[in-house]
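Written out below as structure tokens is the structure these notes cover.
Think of it as A, B, C and D in the order they're written, each chain with its own count starting at 1.
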Amino acid sequence: MNFASDNIAGAAAPVLDALVKGAGPDAPPALPYGSDPVTARVQAALDALFERETTAFPVATGTAANALALAALCPPYGTVYCHRHAHIEEDECGAPEFFTGGAKLTLIDGPDGKITPAALADTLACAGAGVVHHVQPAAVSLTQATECGTVYTIEELAALSRVAHAYGLPVHLDGARFANAVATLGCTAAEMTWKAGIDVVSFGATKNGCLAAEAVVFFTHRDQATAFGFRRKRAGHLFSKMRTISLQLEAYLADGLWLELARTANARARSLHDGLTACAGIEPVFPLGANVMFLKIPKPVADGLRADGFVFIPRGGEDVYRLVTPFNADPAAIDAMIARAAALTAGRQAAE
Amino acid sequence: MNFASDNIAGAAAPVLDALVKGAGPDAPPALPYGSDPVTARVQAALDALFERETTAFPVATGTAANALALAALCPPYGTVYCHRHAHIEEDECGAPEFFTGGAKLTLIDGPDGKITPAALADTLACAGAGVVHHVQPAAVSLTQATECGTVYTIEELAALSRVAHAYGLPVHLDGARFANAVATLGCTAAEMTWKAGIDVVSFGATKNGCLAAEAVVFFTHRDQATAFGFRRKRAGHLFSKMRTISLQLEAYLADGLWLELARTANARARSLHDGLTACAGIEPVFPLGANVMFLKIPKPVADGLRADGFVFIPRGGEDVYRLVTPFNADPAAIDAMIARAAALTAGRQAAE
Amino acid sequence: MNFASDNIAGAAAPVLDALVKGAGPDAPPALPYGSDPVTARVQAALDALFERETTAFPVATGTAANALALAALCPPYGTVYCHRHAHIEEDECGAPEFFTGGAKLTLIDGPDGKITPAALADTLACAGAGVVHHVQPAAVSLTQATECGTVYTIEELAALSRVAHAYGLPVHLDGARFANAVATLGCTAAEMTWKAGIDVVSFGATKNGCLAAEAVVFFTHRDQATAFGFRRKRAGHLFSKMRTISLQLEAYLADGLWLELARTANARARSLHDGLTACAGIEPVFPLGANVMFLKIPKPVADGLRADGFVFIPRGGEDVYRLVTPFNADPAAIDAMIARAAALTAGRQAAE
Amino acid sequence: MNFASDNIAGAAAPVLDALVKGAGPDAPPALPYGSDPVTARVQAALDALFERETTAFPVATGTAANALALAALCPPYGTVYCHRHAHIEEDECGAPEFFTGGAKLTLIDGPDGKITPAALADTLACAGAGVVHHVQPAAVSLTQATECGTVYTIEELAALSRVAHAYGLPVHLDGARFANAVATLGCTAAEMTWKAGIDVVSFGATKNGCLAAEAVVFFTHRDQATAFGFRRKRAGHLFSKMRTISLQLEAYLADGLWLELARTANARARSLHDGLTACAGIEPVFPLGANVMFLKIPKPVADGLRADGFVFIPRGGEDVYRLVTPFNADPAAIDAMIARAAALTAGRQAAE
């Protein structure tokens, strides 16, 4: 009955199985620091997923993936354009600033957690490129699915990339919930990334059934990808027993597990969302796009639900709560919560 | 037959079991970012291990542990004193410089990979403390067991700490092979750390039976420990599913597993070392102190062994090779290698 | 006829005289790096100016003063609260981020270039202090006179400082136009700084009659002041021939020159401002507070003035121009500009 | 009678004259931040001096020049090769580490403060280029004249550059005493720099008759030169009243003043050196190459000289003292010192 985050879940069974089989005491020795066959297979699997040659770097956390990717793209005197509520701005304790050596984030407002191409164009038009007093435009970072649980359409991504590229800026995609967005859009991983103009993606897996596994995937910027290896090492993000991450990713990518888990999480979110918003007085704040929802819930109702052990957190304004369904969210818990919310709201209506 | 590193091994069975039991899809949800009960239990287990209150921070890699610990102790305009061949100097691609914001490492020579108290005192005596042109003495970092596979005695550690403290400097211990050193010395973890004047330790577990698990343990410097939490987060080293690391550490610390694994690794090293050095022409470069040995091996012998599939790497000079026995080193492989070395060296003697 | 900036002016005569007398080939040798008697006298002069003991560090540029001061106050994982249009945000190419090792600036909106105490309080109330995901509140930076040419009252400064201090944050004052603000307020330097709760000030002199001379003055935060010396050196801002800066400051502080120059600059600004805004269609954007004004000028009028050789720059929006009067602004040029503007605007009215 | 440093001197008369004439209250307004005609003329003068097109950036201190130049050449994960006693290593409080974002300096030993081509080649041969665990070779920095007061021959510089270039590394020259070295070698500025393979030079003027004026001059690395402008600004080293520096440089470069001052300083050094070393028991430590000498002086003699008011500092070992003759060193003081030293040493001999 915990909808606080997708991070509260453990790992999917195939991911754990892979660790047990591939990294136990009797597993064959593996060369450290990524020179092992599992890591090579993950590179191949990512190439297959994205239907092209890529340069991929497994890391363990989303913050590491984002900050290392941005450090590869943005010089210390640069700035990265992102949404005001982007994870890189609000929830990484300054990691992009640390990894870039002191670059800035320039914040852009936009409805539903999304930057519009027009807002990006307006911002870039007065960015002071070439003027020595101003930090220099260096990259655009988009989040898919967004922090608001919404999803950019392919067309929106492509339009944003066109604006960025027109100014010579590469586009980074924070894909902490990459799979959930693909599941929602019904597109391919390629369509949602390089075919839409994305240059580098933080391909997230931790939230969606791994323990600690992400991959930074470069489609372009070969030189920066080379430098990435050194940046990862000196940031302490090159694992000696790299197969620890790679085995997770291999299992996650095999047989469409990544997509299946995301579809399940999304379906659970849809059930929870539709059930709750059918209750009088509970309203969505943003259109549901993945497995994260923000709902306006009357305080007595929210208090009642939380008193009954349903866990979810206030976030984003008065009476607004965030609920997240992980890949293993329990349908029974969802039904129970909806039923309890219905009872609580019905009681309120009767009392009015 | 791979003696290239202790990083080639997977994890000990209890460590994997803990992950399977504690982080599977059916495990109860756990609050993310370390607010889970496993992480709390690891703090308690480390307090018990060290026989005192500590402030501990799980991280996934040794480089992260070292660099974060040093960043907590050393301002950007400071310098850290360490052995010329310390891991932080030679093998972390500048991680301490990155995390500290550009501090220096000041290198001290010393036999067998060890700094002598006299050398430390001589260096600190002309360190330029208070002089604005010079980076300021900020910390001393010792490695136990050392990169040469040797081990400081308790008395040596205490003498070094006394010198450091006399200059107002805290002492950091890089304990990537902490357990191996304790096993060799037959002391307690407390005796090898704070009782000998160590202020902060990078307590390593990855090399000795975990997949990716270390802990930075503060005995002193409470304010810096508080800041550590923010530094860890912004470095991307705060795991959302923290129990991934904590479950490993919990299993590692339970029932003396950590010490048992280290004793085994050390015993294997002793067998390999004594067997090989009994062969004519094979000589130790440093006294064996843990599970790492450097041996001078005649090139034809080394070539023969490597041709036969024994994996070990040239390192540290002409005809010098490093061999490491992980916790799960196969006694049969050790015997086979010794036998083959004996044959190869006997053949050489006969030919002379 | 150049009103583009106060930086277009050279130095006041007493400042140059001081350099010629004190730093010529026949001047007595002076110990380098600030150990000279001139620098000692500047410290004493600043203590006298501020009517208390201070710790002062001469530097050559305003960006260095601000960024070094903020680096002393804000850890790498911290954030500095400032106005959205603060110089440290918009015109220093990320210097605060560089010097702090990657801290953030958190931007606060407010009319006339000023932060209101209420806006600061609202921002700090939801700053996430103590939460590991968020950069930590570390300092407040105010600009006096502001980038809009307005001036905080003593009461406003004191109210802002009270808010900051209630959250445990020190207050930095960017005083690039410190003297102009004092001249406007008719207060003492002490009243505008520590008596109003300011902890550290960037005391500017370059814009107001020096060539390159500022001083960072600490009223509190003794430990950070000690560290400042090392930070200044490693940033390349400790001059070997320090008297180059100190002689300027000594002359600037002697006999009230600083205030006299600022009063003149302000008076020139008042003349220019009142003359221009008396012309039909020319309107002030902000209330004039120092020697910087932003005026809305009909484009044909502005074009006409600029075609006639009056130099001033578009800035801050459509038909908005910034005009600045340096300490040596020529009254005749001011009269000429007003006359020309009057003719141009009269011509427009006639044509309508 | 002060031979402690060349930094104890003020400025040469033409340098001060230029400031008075070009930066007084009645001087024409100049666009700030280097967009003034004086700065343009300095660029032309440096092109003329070096007999080729260059990209030059005036800055105020040698530390800024060196650290900014190295930051342009060396990524955060790189290392700069320099002599163990280089100024960038010993006397800049970690400025290169700060400006590069945490790169390392790799120290090379060598007699007389000079790196030999063989030592450089040996070091680079085992530098670990391409290996992710090691900081990456990024640049070589030479000092001319050296910290020991010696001077590389053109052939030595060329040989070192060939080694560096063979490894793909650019060569930076710390020319804090550039003019003194040219005066000694009797070569051109071009011959001592790009014709010998130097890529970037810190062209020093402060020590040799300016107040605070250096220029970083790029011969190659055009992209890095472009980035330099942003790095300089965000480091607080772009002067608003840039002509403050440029006027000094213009006067310094005009009519061969720079070389004349250096020749004088060198000649004074030669007189002092030869006179002192003619005294019994006073011996040179390094061959005299510029205006800096290290002499072994019996302690009673040194004490006697210092008691009589001759200022010079112990440095570099027992009974070793450094003496420096600035451009305006007084021949009478030199004669007096020699006479006093002769008397003191004669007295000692008589007493023996």
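Everything that follows uses one rule, which is that a contact is a pair of C-beta atoms (placed from the backbone, for glycine too) under 8 Å apart; a residue touches a chain by one contact, two chains touch by 3 or more.
Since we're looking at a predicted model, the values are computed, not measured.
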| item | value |
| --- | --- |
| Neighbouring chains shared between chain A and chain B, ordered by label | C, D |
| Far-end chain from chain D, centres as C-alpha averages | A |
| Cα-centroid distance, chain A relative to chain D, in whole angstrom | 51 |
| Rounded Å distance, chain A centre to chain C centre (Cα mean) | 42 |
| Chain centre separation (chain C, chain D; CA means) in Å | 34 |
| Residues of chain D whose C-beta touches two or more other chains | 33, 76-77, 92-94, 97-98, 101-102, 132-133, 135, 230, 233-234, 238 |
| Residues of chain A defined as touching chain B within the complex | 2, 4-5, 7-13, 16, 19-20, 22-27, 29-33, 59-65, 67-68, 92-95, 97-99, 206-207, 209, 211-212, 230, 233-241, 243-245, 311, 326-328 |
| Residues on chain B engaged by chain C in the complex (per definition of touch) | 33, 75-77, 101-102, 132-133, 135-136, 227, 229-234, 238 |
| Touch list for chain B against partner chain D, complex | 76-77, 79, 90-94, 97-98, 100-105, 132-135 |
